[in-house]
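Okay, here's the structure, questions in a sec.
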Amino acid sequence: MKKHINNLKIISYRSLNKDFFLLELSVPHSINEIRPGQFVEVLVENSAKTFLRRPFSIHDIDYENQIISLLIQIVGKGTRELSKQKSGEYLNLIYPLGNSFSKPTNEKTLLIGGGAGIAPLLFLAKHFKRLHHKFSVLLGARSENYLVRLKEFKKLSEVFIATEDASLGEKGLVTNHSVLTQAEIGFDKIISCGPKPMMKAVAMIATDKAIDCEVSLENTMACGIGACLCCVEETKHGNVCVCIDGPVFNVKDLKWLI
Amino acid sequence: MKKHINNLKIISYRSLNKDFFLLELSVPHSINEIRPGQFVEVLVENSAKTFLRRPFSIHDIDYENQIISLLIQIVGKGTRELSKQKSGEYLNLIYPLGNSFSKPTNEKTLLIGGGAGIAPLLFLAKHFKRLHHKFSVLLGARSENYLVRLKEFKKLSEVFIATEDASLGEKGLVTNHSVLTQAEIGFDKIISCGPKPMMKAVAMIATDKAIDCEVSLENTMACGIGACLCCVEETKHGNVCVCIDGPVFNVKDLKWLI
Amino acid sequence: MANLKVKIHNLELKNPVLTASGTFGYGEEFDDFIDVNRLGGVIVKGTTASKREGNPYPRMVETPSGMLNAVGLQNKGVDNFISDIYPRIKNYKTNIIVNVSGSTISEYVEVSEKINELQNIPAIELNISCPNVKEGGMAFGTSCQAASEVINAVRKVYKKTLIVKLSPNVTDISEIASAAEHSGADSVSLINTLLGMAIDVEKRKPVLSTITGGLSGPAIKPIAIRMVWQVAKAVKIPVIGLGGIMDTADAIEFILAGATAIQVGTANFIDPQISIKIVDGIEKYLNHHKINSIHELIGSL
Amino acid sequence: MANLKVKIHNLELKNPVLTASGTFGYGEEFDDFIDVNRLGGVIVKGTTASKREGNPYPRMVETPSGMLNAVGLQNKGVDNFISDIYPRIKNYKTNIIVNVSGSTISEYVEVSEKINELQNIPAIELNISCPNVKEGGMAFGTSCQAASEVINAVRKVYKKTLIVKLSPNVTDISEIASAAEHSGADSVSLINTLLGMAIDVEKRKPVLSTITGGLSGPAIKPIAIRMVWQVAKAVKIPVIGLGGIMDTADAIEFILAGATAIQVGTANFIDPQISIKIVDGIEKYLNHHKINSIHELIGSL
């Protein structure tokens, strides 16, 4: 799909808890070609302290009504400023950017999300559901309160949960969850997005058990369109740009486990 | 009066026309000591393009309800950003700053304002009125639409008007107004605030006719409190800071007419 | 209609707006957003003799009104440029200029010599000011003698328009500019990035893998304007100005300071259409001020 | 309670936060906003041998995340400082440091000698880096030899703590810092402003009466951090860091880069209470990170 730059109207703003909020943006043209795993670059206007755009995964798509949703975690100045937006206002976006998760196989996939890393997984889960592809979801968080969008995931599939304080699901990190620690993991593929240490731990387990594993990286970006070479990840084929050759990578191409 | 730094609540925002707006700010303490001619320094927050504070004259004071009003003309990035403020929000101000107009004599004063220069004159006019000091007002603008706060001035005194397109009052600049061009000017003092060329022309006439003349300068400022020495005006006693030794000067101290 | 055409030595630009090396890829990355052909020219990514992987991640950090980068000349090398990239971009109807980088004089010479053979590359920009490589790079741009040596050597093999890109990390940039002029440069472009650094105070570590990086963006604009003004007074060859240009007014500032052409860099990341907006903006400015030709503006402080 | 005390040669600071010369008047201007006595020290306005009127207005222009100034050392001269200002400020319970400026070596010497006699001035900051005066000023700070000469001369007459303030407008600031160290400086402070320029594109004229001015504010912070890091590696005397510090995190960045103390400059204009907020902020940072003493942080990258 051609990349666009447009002012998109915020048609809904919803705070999920003190850290997360959800934006629905109306796109003035067909978005049929946008694929799960892709992302957008948002201009944070009227902010004294941000200079570059901020990248966010596409969290959900309503193809019919031409709506892109973003799930954003407030972590710093840009995301805090964005959290003050109101519906009716406009955000300037460049979209869609990056590659996408690879095509589903016929076996069963486990989607593992932590923190804001769950953002691209909902779009992916809906996509899998539409294609009748088999999958389960494993979500991790510090505590129940930090788990957002659980209901939406539950509508789509079985959901395993790990919380560090045992407030919901199993106690511990996602990588300690029984679905991953049991001898025989019933999945032929794992797709993971979240903090890098989590993704690395997941990649280790997957590699160990010879399960195909894709991750979605969040390297810091300046341009998002392959022009600056700032977002590189080291791969077995050299440094590649996360913004165009990623953000989705198969861990077998990365140098994480060497 | 001690200088303060505080977040003041905007209790009313009113757009007067596409260029001018009026802000009423609530001060959390007594403001009895604030004098006409003084100004404030406003922090323009969440603005990508402004860095320093912006100075504005105190336009009106409600001593009883502890309200400071500002009359602001949109001329650039900072004033545009401020024009987006809504009542209920807070602005960070340093106040009150600068000297003030000198004490009224017993004779009759003419207040001459142009553009945003009328801002300090309303406060001054009300002050004069309270003290039963005799004065008239001469306001100039490009055209009737640019003349704001006319009603308020009319409540206080006789008002002469000059507009460049003759849409109201006499045609021309304030300095062409008959009240200034007639042989015998019936005033023993002139106080003027507006664009520098206007103030200089007024100063020339006043000096010519041996009338005492005060002006309020708008030199660009970095600190507003006498710390940076950026706002200097050349006087017969050397460079002085407009932010502490001004903004009000008697033209006989300035080097304008040499 | 105001005349926007300018000449950099033999190089004719339909308008004074170029895009800066390292901030515009090979032009193609912007095809979805603008008609690249409408630009005065495109300066492509720094090209070296052999393939370079550049520096490890992280290579970038945002700073107040700017950013630090430490890309370190990642590119596939001049031979790959000639075989793979040049055929793709050579038919743009604008000037494609190659930014020639290196660590040794012989590397600069080798790359320049090869680029000299490419029919549709009318000029090179000799990058003697990259702060992000361990050897060479900026070292050539911070002493008159080193600058002269590399420029003399390249001048011998490069026959078309030779632009030399200067480093701002020097005590007196006009000295270096004069040295470049006397060594045969047809034009100088300035400024490259200023050497800077950022520290993550929570991790208590430098943010960039290379510790220091190059500062770009509007933060550096006042320094760039001053240097362009100084250099334009010191040399007779045309000066190309850049550093923090974000809009038309910034571009005009550089032209008034003495720049015959300007480059848009970091701004491309924030608005991929900004270069064309500046082309249109300059024309509007000239019309609005009833100026017939951009030449009346250049250095007309 | 974390230990915030640091020493700059013989000068004891109750905390590492100083205010920068030219941005804090004589301290008194801030009495309404903060308790000046809580600062590590106050560096007062640049003081010269005779009264100076400074440069004509306009002297200031805002830039992206910064400002240019061209004040040009306006002050009433050292004798007036001694007779009129010193008596008013000498009883602050903090270190009052005089920024000594000049155009000739003998002027620096004359001012330093006179300030040496003032009991309650425990240190001077020798300003060899002012970009806003026609003669002298920055010229002394951009060559090792000139720096050495003026420092040697001042060292002969000045017996207390001698801080030398360095110019960033140089190719290699650590060379100048080493020269300062070897000429007897007890400490170096950096950076002074970067030479910059702004043009009014509507009037087509430079904004400042002096055409160029000094750039300060957060825009220059990455450059300042880099220079402090370079200088701290090059010298053994304590380094005082400044340039664009707007909050506690910025101050910590400088300390991690190797600064024993820091100065808050332009930020005082935006928030006159910021210096004290940074004193409190550093203490909070140390407590939060369970660091007992600021010394564990200095240069601990």
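By written order: A, B, C and D. Residues from 1 in each chain.
Simple rule for what comes next: contacts are C-beta pairs under 8 Å (C-beta built on N, C-alpha and C of every residue); 3 or more make two chains touch, one makes a residue touch a chain.
Note that this is a predicted model, so its numbers are computed, not measured.
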Q. Count of steps on the shortest touching-chain route from chain A to chain D?
A. 2
Q.
According to the touch definition, list the chains common to the neighbour sets of chain A and chain C.
A. none
**Q.** Where chain B and chain D are represented by their mean Cα positions, the distance between them in whole Å
**A.** 36
Q.
Rounded to a whole Å, what is the gap between the Cα centroids of chain B and chain C?
A. 47
Q: Can you check how far apart chain A and chain B are, centre to centre, with Cα atoms defining each centre and the answer in Å?
A: 55
Q. What parts of chain C, by residue number, touch at least two of the other chains?
A. 63-66, 217
**Q.** Shared-contact residues (touching 2 or more other chains) in chain B
**A.** 50
Q: Select the category (line, ring, star, complete, other) that matches the graph of chains linked by touching.
A: ring
Q: For this structure, give each pair of chains that are touching.
A: A-B, A-C, B-D, C-D
**Q.** Contacting residues of chain A [partner chain C, same complex]
**A.** 2-5, 43, 49-53, 94, 219-234, 238-239
Q: Provide the residue numbers of chain C that touch chain D in the complex, in ascending order.
A: 63-66, 68, 142-143, 169-171, 194-199, 201, 204-206, 211-212, 215, 217-223, 225-226, 229, 244, 246, 249, 252-253, 256-257, 285, 297, 300-301
Q. Contact residues on chain C for chain A in the complex?
A. 22-25, 29-30, 32-33, 45, 53-54, 56-67, 69, 71, 74, 217, 266, 268-273
Q) Which of the residues in chain B end up touching chain A in this complex? A) 45-48, 50, 81
